[in-house]
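Across the two complexes that follow, chain A remains constant while its partner is chain B and subsequently chain C.
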Partner chain A sequence: MRELRTEILVVGAGPAGIAAAVSAERAGARALLVDMQAEPGGQIWRGQWNKATDPAARQWLGALRASPVETRYGLRLIDLPAPGLAVFDGDSGPLRVRCERLVIAGGARERLLPFPGWTLPGVFGAGGLQVLAKNGWPVAGQRIVIAGSGPLLLAAAATLRGLGAKIVRIAEQTGWRDLAGFGAGLLRHPRKLAQAAGLARRLAGVRYRGNTWVAHADGDDRVRSVTLASGSHREQIHCDALAVGFGLLPNTDIARALGCELRDGAVWVDGHQHTSVAGVYCAGEGTGIGGVDQALAQGEIAGCAAAGRAELAGAALARRRQSDRFAANLRRHFVLRDELRRLAEPDTVLCRCENVRYGAAATCTGTREARLQLRLGMGHCQGRICGAATEFLFGWNAATPRPPLAPASLACFTATSSSENPPQDPT
Partner chain B sequence: MNFDAIVIGGGIVGCAIADRLARERRAVCLLERDVLGGAATAASMGHLVVLDDDPAELALSAYSCARWRELAPQLPAAAEYRATGTLWIARDAAEMAEAAHKQRRLAAAGIASELVDEAQLKLCEPALAPGLAGGLRVPADAVVYPPVAAAFLARRAAAAGADVRAGVNVRTLVDGGVILADGSELRAPRVIVANGCAAPELLCSVPVRKRKGHLLITTRLAPTVNHQLVELGYIQSAHGGDGESVAFNVQPRPSGQLLLGSTRQFDDLSCEVTPRLLARLVERAQAFLPGLGSLTALRAWTGFRPTTPDHRPLIGPWPARPGVWLACGHEGLGVTTALGTADLLAAQLFDQPLPFDAAPYAPARFAAQVSHAA
Partner chain C sequence: MPPELCVRVDGVEIQVPAECSVAAALRSAGFSSTRHSLDGTPRAACCGMGVCFECRVRIDGVERLGCLVRVREGMEISRDA
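Entry: the complex of A and B
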């Protein structure tokens, strides 16, 4: 098996990972940046690698290009079999990396919740449809309803509209009072305010409704209409696609597999972005949802700290404080309402991989019983989707991640990848 | 509360005993500290196999497999009972000779099997590596998904009147009953300890040790395997000494997944996957199924087999404690032998005719070692 050695391994090449790797090199350390996608940028800077239109993306992707950071793309982290050892898998076969310190920059995933009709073709995750559309999925001329919670709905709407879709409604479950509170909080963040103004311009004329959520989607071979609820009011809207997302969730599986402490569903870090496990740092959305500015500031701090030169991160500290306030503002004002716990009907699918229905799951006492008796969360996605849903719906704890952290070629597990069998000398 | 019998442990063995007693109209209480069908039951492969290397094991496993066949039509679909048969694989002429011995021993117990030569092996399992000598096909063996089967037995017991309680921990055994973690007492003249590896937590002198195993499951759409495939060398691995061992043992799941086993080790009590053992498991499987390298692993996990010094289960009264009965120590055969264990124990508990000789499993065989211990 191929093997690389580095001082600092950075997993995830979104803004946090790029900032961490570049900063670590600037601080005099050797860094290796690995990502599962084919090019750097993460979800937020997807497609920016070859033609950056976003100023921050241009700056950081340029810095990455110019830096001696070693990069490997198209590789998924499978296992951390021993301290300082990581096994990845990809189309070009497994790769083993030995490192002294690890920076986790695994980003976030979208929270999807079950409601009648959510598995119909034409129903997408809001961020998911945004990514698909950026990659060329045709949306021009389509009537699209966007529903769920959080600023991502607006960003997705702006992207889709820019690509020719007709956004017939944006339904935000948060009430107007919280939306106003969130907006007032933005006044302290000139950049965010400018972004918001930009979004408002791009979404001029689109109907945005607070206090409104999706009740059910209906259709035959695909979604044809969405019924939105607001209090006791119901409104049916005809559409070609529905994009839903109930906010972002920190990806914590790598950190949990290593035994890092979590708080409120996010990885706990100290002022140097160091987790509770020696030599392991975390930056970006994994420490709590805070957006790209937080990711960049935390990445810089983590990179410098992992290189042993935390004092070089001075300027990033102030930006992190600023973004922490933004994150708190986000958390405070986009709280999911109770009604969303009651959308699913007994026959609504909860776990798509294993086709487990809400009614069956509701009879179980917890994750363990649902896994054993119904195979909930035992399929290809390993509970990444339904685990977040059952946590919100039933208060169940997610299962502890075990290797393989993602489905992986069996070749990753043969002796050449195990820690106790060092690689053969090629002589 | 008063019962005729209290069963401690809601694994496949405890559930089978509770089911058997409840359907005889005994007042029975089943206590499980976690979830029904968890622990070793959940970690196991669910291979229902007749093992013949020891006459006692042959009697118990042959009887039990027959009982599973009777039960099969009543099992829910999710229990995924399939009569896949077992194909014991011989690598060379010496192992083919062993296969022929095995056939004679099985025939003596009334179990049909057929020898398979190299060409027939290729026909019935095209995915196997070339150059294997042949094997022995035991068509009546089967596979089942154990957690669902255990929960089914517990549900059926409850429907017949059993008091089934999950999430209830037993703090200690007392004369004529048990004390639960909340301090309450349940009374019964017969207390059955059927909690596998946890038996020594209640009865410190019960000679049950944990023997760790690893399993790995692939994603769906694995290449076709028709039988549970086991190398003939498996028995040496299963019954060998205290060292580590790895044997080829692969099961086709009805979902289209392949379940890969098996490893055995005594020294490791952590539930973590050991990369070195997993590597040996995968390499062993690849030696028999060369196409495995291109497959995708979905999950790997470990479990602990409750093992006794002579590899036979403990079924019967525990001489050190009047009123306490054991049904534990089944090592890797708990799922296979659960139904036979339940019948044998129930017959002993209530002085009914025994379905087969109980002496080889009598816990009293270890009584000398434990004479005055609890």
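Entry: the complex of A and C
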């Protein structure tokens, strides 16, 4: 079993993790950065490792290349069996890491909600199709409908259109009043406003509708059409792909597995990005959805603090305050409407892994009963998708994550179980 | 023409774009699904970021997520994961 030792282990190589690892090294500490993807950049900077067309991506990926930060890619965190010990698994087999402090930079995932037809091939998350397309998923010439909620719909639409897709509709469930309120709030964020203007330019001519949401998708071996709802009005649109995302959710599984306190569904941190567990920091979307600027600022602060040099993060503190205001504006104006709780029909699949249907789940009183009786949330994704859905639909609390945090090889289990008395490696 | 490489999907040799994920390569080659659900309905990539596990395939005998793995020359991919 391979083993590495480091001072600061950073899990997640998106903007927050890169900023944390680079800042920790600049502050004089040794850092190891690990990510499950094949290269750094997280979701937002996918494909930027080679292209680097985004200025912030160019700056930080360049800083990472130039820094002595040790990196390992294609490895997924499986277990944290003891303080200062982490077990990963992936391409190159399991890896055990011993560290003094941990920075969690696990990012966010999309909230996907069940509606009839959402399991058809060709139905994606909105950010989901965007990142797939960034890694070569063919969209040129395709008719694509984008639906759900939040500014990510626009970013996804712009990316897909730039790759040659025909965006036939963007359906935003939030009403015009809130969209106007969100827009007005952007006036305090010149950078975001410039981004919004850029998106508007790239999406000129695309039909954007507020107060509109997906009712159902239809198809055979893949999606062929979507029906959108707005009040009592229904409209069917033929499409080759449907991208539906209901905003982003902080990934909190690693923090919860460690016993870190949460607040409002996000990891609680103090002014130094330190969680409620000693030696464990969290930066980026895990602490609440705030976008790339928030992630970079929090990453810098966490890296410096974890290196014992919090005072070096001075300039990032002001940027973090600015992005906190943006995050609050986002939360206030993109609240999901009640109609979305009534999209699924009794035979609509709710848990995609175990094929548990909405009607069966609705007879249960909570996550535990649904797990025991129906295996809801007990398949490959371990409830990462349906857990967020049942929280929204039924108000259920998600189950506390237990190792393995993701499907792992048997070799990895041997590594985990022998962690207290590591065997001597004969080689 | 963008560069291509050769992989085997369910035992059949095919050309796919060189610069993409396994999930994207399969779609480019005309496969609309990566697996079948417990009741036999087709499923394909959904979340795009390693969360939903719908794009899982067997690559050189090991179950992997098509959205997270880059396609490589000579890969054996099977859609029975």
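Definition applied: the second predicted complex is superposed on the first by the 420 of 427 C-alpha atoms of A that agree within 3 Å, B and C clash if a C-alpha of one lies under 4 Å from a C-alpha of the other, contacts with A are read in each partner's own complex, and residues count from 1 in each chain.
Operating definition for what follows: contacts are C-beta pairs under 8 Å (C-beta built on N, C-alpha and C of every residue); 3 or more make two chains touch, one makes a residue touch a chain.
As the structure is a prediction and not an experimental result, all values here were calculated from the model.
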Partners on chain A (chain B, chain C) - clash or fit: fit
Degrees between the directions from chain A toward chain B and toward chain C, using C-alpha centres, nearest 10: 80
Contacts of A:A38 with chain B and chain C, given as first, second, both or neither: second
Chain B versus chain C as contact partner of A:R368, first or second or both or neither: first
Chain touching more of chain A, residue-wise (chain B, chain C): C
First, second, both or neither for A:H380, with chain B first and chain C second: both
Which of chain B and chain C A:R402 touches, first, second, both or neither: first
Partner chain in contact with A:T227 - chain B first, chain C second, else both or neither: neither
Which superposed partner A:A411 touches (first chain B, second chain C, both, neither): first
Chain B versus chain C as contact partner of A:N355, first or second or both or neither: second
Smallest distance from any CA atom of chain C to any CA atom of chain B, in Å, after fitting: 7
Residues of chain A contacting chain B in one complex and chain C in the other: 379-380, 407, 409
Touching residues (chain side chain A, partner chain B) in the complex: 79, 81-82, 365-366, 368-369, 372-374, 378-380, 382, 402-404, 407-421
Residue ranges of chain A in contact with chain C within the complex: 36-38, 43, 74, 76, 91, 109-110, 112, 119, 121-125, 127-132, 135-138, 221-222, 349, 352-355, 379-381, 384-385, 407, 409
Partner chain A, residues of chain B touching it in the complex: 34-38, 42, 78, 147-148, 151, 166-167, 216, 218-219, 273, 275-276, 278-280, 282-283, 286, 292-301
In the complex with chain A, residue positions of chain C that touch it: 17, 19-21, 23-25, 27-28, 32-33, 37-39, 41-54, 56, 62-63, 67-70
